[in-house]
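So, here's a batch of structures to check.
Below, chain A partners chain B and then partners chain C, in two separate complexes.
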Partner chain A sequence: MSEPKKNIKMIQGNTACAEAAIAAGCTFFAGYPITPSTEIAEVLSYRLPMVGGNFIQMEDEIASMGAIIGASLGGAKAMTATSGPGFSLKQENLGFAAMAEIPCVVVNVQRGGPSTGLPTHVAQADVMQARWGTHGDHPIIALCPTSVSDTYRLTLRAFNLSEKYRTPVILLTDELIGHLTEKIELPEPGSIEIINRQKPTVSPEKYLPYESTASLVPPMANFGEGYRYHVTGLVHDETGFPTNDSDKAALMLARLNDKIEKNRDDIVEVEEIHIDYEMETLIIAYGSSARSANRAMITAREEGHKVGLLVLKTIWPFPEKEIQQAMRNAKKIIVPELNLGQIAHEVEWATNRRIPIIKLNRINGESIKPSEIHKVITQG
Partner chain B sequence: MSFRYEIRLSGSGGQGLILVGKVLAEAAAIYEGLNATQSQSYGPEARGGASRSEVIISDGDIDYPKAENIDILLALTQEACDKYIADLNENGTLIVDSQLVTHVPEGNFRVIQIPIIQSASERLGKFIVANIIALGIIVKISNIVSLESVQHAIKARVPKGTEEINLKALAEGINLAEEWLNKNS
Partner chain C sequence: MDYLQYLRKDKMPHIWCDGCGHGIILKSILRTIDTLGWEKDNIALISGIGCSGRTPGYVDFNTLHTTHGRAIAFATGLKLANPKLHVIVVTGDGDATAIGGNHFIHAARRNLDINVIVFNNRIYGMTGGQCSPTTPTLKKSTTTPYGNPDSAFDISRLAEAAGASYVARTTTFHVAKMDQYIKACFLKKGFSVVEAYSNCPTSYGKMNKETGRRGVDMLLYQKDNMVPIEKAKDMSDEELQGKLVTGVFVDRNIPDYTENYSIVKQNSKK
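== the complex of A and B ==
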């Protein structure tokens, strides 16, 4: 037996998410417990008070989303966590947060759907909902972790991106990763990069909460510090008050979407494994399915098959440029996912269907077995 | 080439199999310096319904964290045994509760039949520690983690005040497995 190191823990993905939120500086969580995300609320219900933060269980998911928006306007880093049916309920306020440019983190531990679906079983069928679940052309960022330590890292990143770009960020994990217990080496507190929202440097009278700045991200004042301004879901001008002026609407909506699109290189993250010019088969995967894909790739490579794997850590904005680069001379692409092909369709668009895209889908609540992917690698 | 050892613990919800999985994985990963994952699959019920917990132990990276080619299958109900036997490696071991699993599937694998739940009631006076007796049997049969590591992991994981009865249950499981090995060697 070896002496255990203090910062090495065996924890599940949901616990890693909660601990990372605290490390990121989150001081407010509002939620309504739902399987398979409940452990995030459970852990934060006792961890947040330890660091001077607040935990509140709201009457439902709609109110939880409203509460974190309010907390964020007051200056707190705020988070909520949910799954399928709860994520549906959050959509209206999620759109409000995007429109009013309020940083917050929404965790969706995906389970089988539609509706209440398969509450205790894994799925990846909310990827399109994460992108377009709320109405209107809006920017969104969504990150998909593949392990417990990745959940920790990407939760930190979700907070940092939300603060940097004044936008809601979705941590789109799944039941397998959320409930998976594995080893994690927790980083030293001082070694973590923390980004905080930019605060106004002008006096309250001169403050424009939605100013068209060069960075596309206007500084954000905390409510209660003397900077009085209007927050609305209506199209607004630089002061925050509603406007019907089409020129001002065009300007505001362009900036809202541009701040994510023009910074997509900073936001998009992918991992390339064994991608080279010899590669004949490219697998594109994300979340827990990337674990199945990795094993299938290793087995196939041992048998001499030239196969590589592109893991999408950022799923929105979509990594189309990274996919085009990773394709190299591949003759086919395999997209395994726990839905009926939601990301495969995006891959078809990104690659202009130049080579065959093979969809490998499963929606019965079980993960995709590596042997199933291996079969498609070797047999076509 | 790294090794990969797969254990599936199956039965019905409430039998404590997820805890057994967590203790095994923690013994391997925290106290033995190996890599381990523990995953689970269960229904929406708090009690009853099919439940399984899977532990993968390896000295290398564990990519796919679910069991595909099982080395040890524990089945505490007939339903679980029938449902999961197909994934057992042909050189693997099936451990069943001899009173609850009466129809043992045929195959090349080794079968260990022990009255696990009855032993918990009769020898320890608490059927609820049957899960830890099963853990003791698995520790002895698999030899994948040391007894000392498992004892540490139990102390760290079980509710305060129940350490002693759980360590006794672990020892009972080891004894039952030794008795079985002596009889069948």
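== the complex of A and C ==
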């Protein structure tokens, strides 16, 4: 038997995201054009009708976020994509999705901010907004790809996690990764792991859409399947109806947050490169900055420096445990990122500042060069 | 008919004040559903936020209480994901035409096949009586204590101009007409709107003497000031001052969004 032909393509990160969405079973996309995320919408406007799905260009990002929540309740796997100002507009409805436990994927291809900022340039300054952008204590998952093939893989993972945990998942990519063209080997359709939301097995009379189950994730019925229930952004009890009872509110909000926190080991993904007990310098990086960090590490190691790299693929929930383990005997940590230290602060907290943390930051729309990180490894 | 079969009895009493018109509109919606024989499982009732926005909580359908102004956006996704559902949006005047105005006109432009019932009490009821985009000029609200300097939207004409298939307006006094319009609205393919002037004695009535302060006074005010659209055509602007023009504004058969998108789907496979 001959080897099956590999499906190798040269594509952009944004195209990989769109293709992965189709592969994940996404049948609904609503969006509003904004650089540098627009290609995701363009590719899906072409691809979704082919597979019988729906693409709709909405009147704004608020509407786009609302539409994907509605579509998900109707049973579709749904996604939206945006950048900077558009991500700000999505926040209220993003909180609704978290509160009402509606699976959906929100892509933010980060560009320079604040405000209209640097529309065509790279940044990683929405990291905290991804965590806390919508009001109130809420759970969230955010994933950061470092390459085109990683974008494909993590888009699939975003859909799977959203379905598994009944939660919005943010794919927090950036302009550099979104517009980077690289080689990617597309997986065979049958070889992809697809997770679908768990459906209720009880009768409609017994169904509690927000039940405190052992898994912390109650099964979800889609609208129109015979389970008539109520969905609201108000604090609700297990039946889904609003309540002002503080005990019930506490129970519901605890489960909502625990659902992600207690499953963090399943959700958190990091990549360890050359992390061992000899390591003196640990670099912690994510997204496009991890590429520069990797290059700098390779050069420094060739010169004999004992340096390792921890790449955060899941950024929320925060991988503090993985960081504590990766530190080992390191004498310093370097955190390169395209913001003023948003993740470095989290690293300081996770490590209790036991060793020096060197921040390497840039917010002018340029990426951090490997040589700059190299300099900090060798001298700083 | 038995209204209780459509209500979530355990969610009663409702939050609406004595003399509120919103319940009159809800009953008309339920009567129409009963007349049409729609299955409860196939109905999705969606709202934004407001007194009108509390409607979904009381009815035994698939119900969705979204964010303020955004019901139509959520409804768009739901309808496209499951076209078999009868999607009904209930919304207030503020919800539909202030914060949600953009979604309202764009869904009309797309001619999305959903039904929108606007509970127009010309004030923000839920938040205690601030002015809305339909509060008439120089009328009072808690944020226009000296009179409202703005002009009011004509919601039905707005929907008509934006491209809706069906638009009609009535009042909570004119219940037979309301039933007739809601039925036509529900049966129409495409974006269909019934705007119902509703009485809010608690806020509008309290602050604006001309309508009277009680619900019943406000209903009679609607009766006395209603002008059918056919008659309004021959009246001057001065004569129409303060009048409630009602009737069918538009009823046309044009392709809806799904019909056009099915062509898109065919084209993609060529």
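Simple rule for what comes next: the second predicted complex is superposed on the first by the 374 of 380 C-alpha atoms of A that agree within 3 Å, B and C clash if a C-alpha of one lies under 4 Å from a C-alpha of the other, contacts with A are read in each partner's own complex, and residues count from 1 in each chain.
One rule holds in what follows: a contact is a pair of C-beta atoms (placed from the backbone, for glycine too) under 8 Å apart; a residue touches a chain by one contact, two chains touch by 3 or more.
Computed from a predicted model, the values in this text were never measured in an experiment.
Bringing the complexes onto one copy of chain A puts chain B beside chain C with no clash. For the superposed model, the angle subtended at the Cα centre of chain A by chain B and chain C works out to 110 degrees in steps of 10.
Of the two partner chains, chain B is the only one that A:179 touches; chain C does not reach it. Once chain A of one complex is fitted onto chain A of the other, the partner contacts of A:66 are limited to chain C, with no touch recorded for chain B. In the superposition on chain A, A:35 contacts chain B only, with no contact to chain C. In the overlay built on the shared chain, the residue A:215 is in contact with neither chain B nor chain C.
Residue by residue along chain A, chain B and chain C are tallied for touches, and C comes out ahead. Closest approach of chain B to chain C, taken over C-alpha atoms in the A-based superposition, is 17 Å. Chain A makes touch with chain B in their complex at residues 1-2, 4, 8-10, 35, 119-121, 176, 179-183, 291-292, 294-295, 298, 367, 369-371.
Looking at the complex, you find that chain A touches chain C at residues 27-28, 30, 46, 49-50, 52, 54, 56, 58-60, 62-76, 78, 92-93, 96, 222-226, 228-234, 241-242. Only residues 21-22, 25-26, 29-33, 35-44, 62-66, 68, 146, 148-149, 152 of chain B touch chain A when the two sit together in their complex. Those residues of chain C that touch chain A in the complex are listed here as 11, 40-42, 44, 46, 56-57, 60-67, 70, 73-82, 84-85, 102-103, 106, 261, 264-265, 267-269.
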